[in-house]
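Chain naming follows the written order as A, B, C and D, and within any one chain the residues start at number 1.
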Amino acid sequence: MSPDQLAFFILSFMVIASGLMFLVSKNIIHAVLYFLLALLATAGIFLQLKAPFLAATQILVYAGAITVLILFVVMLTISKDPEVKVFGQTGIVGPAIAAVSFFAIMAAVVSRSTFTPLPAETAGIDQVQTVAQLGMELYVEYLLPFEIAAFLLLIALVAAVYIALGRGHDAT
Amino acid sequence: MDRLVLYTILIQLLPFAAFTVLILTGRKLKFGPYLSIGAMTLALVLSIMIMIKFAAGELAPIDVSYEWFTIPGYDPISIGFLIDPLSILMLVIVTAVSLATQVYSIGYLKGEARLNWFYAAMSLFTFSMLAFVAANNFIQMLIAWELVGLCSYFLIGFWFTRDYVPPAASKAMVVTRIADFPMILGVMILFYYVGSFAYAPSFEIVATLPSGTITLIAILLFIGAIGKSAQFPLHTWLPDAMAGPSPVSALIHAATMVAAGVYLVARVFPIFELSTVAMATVAIIGAFTAFFAATIGMATLDIKRIVAYSTMSQLGYMMAALGVGSITASMFHLTTHAFFKAMLFLAAGAVIHALHTQNIFDMGGVRRRMKLSFIAFVIGALALAGVPPMSGFWSKDMILAQAWDKQEYLVFGLGLFTVFITAFYIFRLLFVTFTGKMSEIVEKHGHESPPVMWGPFMVLAAVTILIGIAGIPIGSWAGLGHWMGEFLAASGGNIVHESNIVVIMSVSAALIGILLSYLIYYAKVFDLMKLKSLDFLRQGAQNSWYIDEIYDHTFVQPTFSLSKASLTADQRGVDWAVNGVARLVMGSGMRIRVIQTGYMQNYATAMFIALALMVLVLGFAGVSS
Amino acid sequence: MIVEMSELLVSVGWAILIALILCIAVATVAGVALVYVERKVLTDLQIRYGPMKVGFHGMLQTVADVVKLIGKEDTVPREADKVLFWLAPIMVFIPAVLAFLVIPINSDLVLLDWDIGVYWIFAITTITPVGLIVAGWSSYNKYSILGGLRSAAQQISYEVPLLLSVLGVIMLSSSLNLSDIVAAQQATLIGPIHSWFIFLQPLGFILYLIAGLAELNRTPFDIPEAESELISGYSTEYSGMKFGFFMLSEYAAIVVIALVGVLMFLGGWDGPFVNEVPLLAPVWLLLKTSALLYLIIWIRGTFPRVRIDQLMNLGWKVMLPLVLANLMITGLVLVIAPKVF
Amino acid sequence: MPLESYLLLGAAVFAIGLFGALSKKSAILILLSVELMLNAVNINLIAFSNFITPLTMKGQIFSIFVIVVAACEVGLGLAIVLMLYRRRQTLEVDKYNLLKG
């Protein structure tokens, strides 16, 4: 067993375990923190996949921004009676069937597929990619999508502010 | 483009332009009728110009085609014009009669709200008729043919608020449609063998076909002509079509549209010529219709219907003339008849317009109040009866001479007898209506119509007297030429050999008929009503020999019974099944409705499970294949 | 298999453990030292002595304080979410510790020579607000919740200008690695003046300092902890070593901000004779950092606290436009400069 | 580790997220479940990036865009959640069944 494998097992165990805990925990704050833990472990997976920039981004965006934002909203909307049922009226059987069958199908597909690197890129297998390379790729090859994504963010920002302000209708 | 073609297109487009403007402007256009009349005048002038040039020999017949679309393996379908003496003659007749009736209508339909629509339909009809006449292929001809029928429907139904009008209009449409179907079938068979719709190649290739096929095609085409020209046994719509305004009757149901059948047979005469059976059929049907309609005319009471039956009768003559092989005689009679019959209708219309009744026995002594109408009617009656020197005499005489010459004695005999009957019934009409004591209605309402009405029919009266010259058989009889025969020579017209015996026989038959009518209805020497033994004949004739009733019993009633049975089956069976299905769907819907819980999560769950199932199924399918 | 695995765990675990212990040690030492320094500087500014009893001039005072904190009773509110109450200090402490992973001491000595260097520091420190919110929430105390939310809001707001203010430096050095950034400042600009990025990015440095202060919840931006309003904010209910962890991580974070400021703007270990005597490098770094820390403490001693609305307005309406302008100008110059020179 | 194990991990995380999105009661947690699913996508993308296109790192580029979209989604989603809470004083999706047939 190599360190690589060990790290993968520990991290994926963390991801899945905290994911499951996220599903079952009764306390919404706990659920959010399990979610955060799952994402941080995922960041570890990214590190293992030689994507440190994305690992850092994962932490920055999910931990630094999204989780804090969600905690804010949870604090703002926390319900007066703490008796919160975890699962809705849909129950868990249907969703369980859906989720398990999805996983089974994916597992079947993955086990039947073979993956090989693109012929032109086999040379890069053992090479460590740098942030600079990623930056060049992003700002040269994918400049237009990048600009569009930036514009999308701007629109989302404005829209979120507008909706949250609740102007024009029953703002309480 | 040839100037002749240009003129022909112009003649057709003028009424069409009038129609377009009128239909687009609706009721707002104040001078709508004058627009239509103006267009028609121009068309008439152009037509006469062409005719004169043709007669003078400055122009030659022309047959042009402009490609429309192509069907692989066949000749291109084209828009084309066949301009020869036959079509030019028809162009003149159509435009002239149309102009006369349109002018007349200004007075006749004064104050009608939908006057512009009337003129639009008249213009469209004229355009369709001209297009029909000028066509050089069957497709164009069929389109125009149906358009003509459609306009007839519009115009008969002009007063559609009167309850007897819509059935009459529908009847005209339906009966002619029945005839059209075999005709289209004929055209299709012809196309199957020929591979082209154009007239000229068709005539060439038909000659090579077996005689049975030719006969079939000819008979099928002739059935169409029977319907349009109101020949026995598909004549029943024409008397009912008198429900339309009188100018419509004059233009469509006397002069032009009903002549379309005759024109069609004349146009495709090369096909008929190849089949003796077809020719005999045409001759017999024509002669019989002439006789048959005339017998009904003797007993009918309605002034317009009498004239309508006379129209049928005269159309029978034209058909018979074709059947015995003379385009000249047929077309000559068509020409003269168009003018004198249009005039008769217009004059009768003037009487009706004044008196608001159509029963001749309600009238009497109209002569004293409506002198001009009387004069016109006398001229028309003489022409119809075939008394020299009216045009009707010359043309009818030409037909009889042709039959005599071809030794078709059955046709000749029926024709000669019909001359007698015709003279009798038209003078019966004349005497009963215009002479004798004035009835109350005439006292009260009788007045001469305005100039805009009597002008047209007086002009037509003049033409009626003069037009006979065109066919005077001067060559053999008085030392001059057969103008009509020579003019139509380019279209297959022949020169009919006259014989003095025929003239003497026909004139005497006509005079005997007039004399008899005079004795009974003017001098009142004896009362026909007292002859009880003739009652069944009178009853039969007055009821059009029960043809409508026969049709009613053989076709209409069984159809109704079948329809009722179908209705029952539909309501009890099909509706039950359909409603049952609907109820089943609704019931199951009410039960299934509950799965629409309104929770997005439920829907999403169902979606994903379904997706998984689909993938599974597809996966197995993919593995097995 | 299990033996193999355990062996591996031991070997890998040791490496991680050593790194972590080193970080924790550095953070703890730095934190403890800074607390003492701050007290001394503040007392100096206020013209008094401050701690003098324990050790020379009270040098061991904070050590003694730590020992005291460890020994104190660890109270937990009855209604508190006990697990989270326990977890929150760690959640705040770990990011501060992990930030030290990528900070170089000289051109070769760094725990993790990583090409995302400075980005890692900013990424990992964003976990801190989560810890603060959790601390506030788990205390079951309305002041704590408000304090936690306020500090989180403040940190999130100022993270944007903070990150953007260092982007100018990153553009100039075209690297995220702190060693590379320091190396980029070695070039001579004019005569003896090295191209420290404080000369090239003066606005960037000022904005970095202001945003950093706000990020650290330091005076004049210490609203979340404002004793007079919120009774120390999120840490009200904390006592003993849990409180110690909050204090420790706070001061460790100050050290991190100062270190990064030095490395990015003030030439890092660059200084006279550093090339001749390599051992001087950490010394220069320490000196510069100390100077910056002194500045931060000095500010605390002299500036009054701002209001929360002033804070937010400053962040979004003044800082953000300024950093964006700075960034645009830097970009423009970078595009144009190669053509000019 | 082979690529397949990362793909399986991605599938597992996606399944967890899917289960959460389909079954959870709180609107916020449903939103988080969707984020988990996006995260699973990112795992796959980066794994592919590492194994299939190690030089051009296309998967990483794509996952950057996924993160952008996820951030947008959370921002808007939370704004909507706030608005819903203001209107109905609850975030339990069981109370939002206006689509009921």
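The rule we apply is simple: a contact is a pair of C-beta atoms (placed from the backbone, for glycine too) under 8 Å apart; a residue touches a chain by one contact, two chains touch by 3 or more.
Keep in mind the model is a prediction, meaning the values are calculated, not measured.
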Chain whose Cα centroid lies nearest the overall Cα centroid:
D
At what distance in angstrom does the C-alpha mean of chain D lie from that of chain B?
79
When the C-alpha atoms of chain A and chain B are each averaged to a single point, how far apart are the two points in Å?
85
Rounded Å distance, chain A centre to chain C centre (Cα mean):
27
Mean-CA-position distance for chain C and chain B (Å)
106
By the touch definition above, chain C meets two or more other chains at residues none
Check: chain A positions touching at least 2 other chains come out as 53, 57, 65, 69, 88-90, 94-95, 98-99, 102
Residue numbers in chain B touching 2 or more other chains?
597, 599, 601, 605, 608
Those chain pairs that satisfy the touch definition
A-B, A-C, A-D, B-D
Which residues of chain B touch chain A once you look at their complex with the stated criterion?
597, 599, 601-602, 605-606, 608-609, 612, 615-616, 619
Could you pull out which chain C residues touch chain A in their complex?
1, 4-5, 8-9, 12, 81, 84, 114-116, 119-120, 122-124, 126-127, 129-130, 133-134, 137, 145, 149, 152-153, 156, 159, 174-176
Give every residue of chain D touching chain A within the complex, in rising order.
1, 3-9, 11-20, 22-26, 28-29, 31-32, 35-36, 39, 42-43, 46-58, 60-61, 63-65, 67-76, 78-83, 85-87, 90-94
Can you check the complex and tell me which residues of chain D touch chain B?
18, 21-23, 30, 93-94, 96-101
Where on chain A does chain C make contact in their complex?
1-3, 6-7, 27, 29-30, 33, 36, 52-53, 56-57, 59-60, 63-65, 67-69, 71-72, 75, 130-132
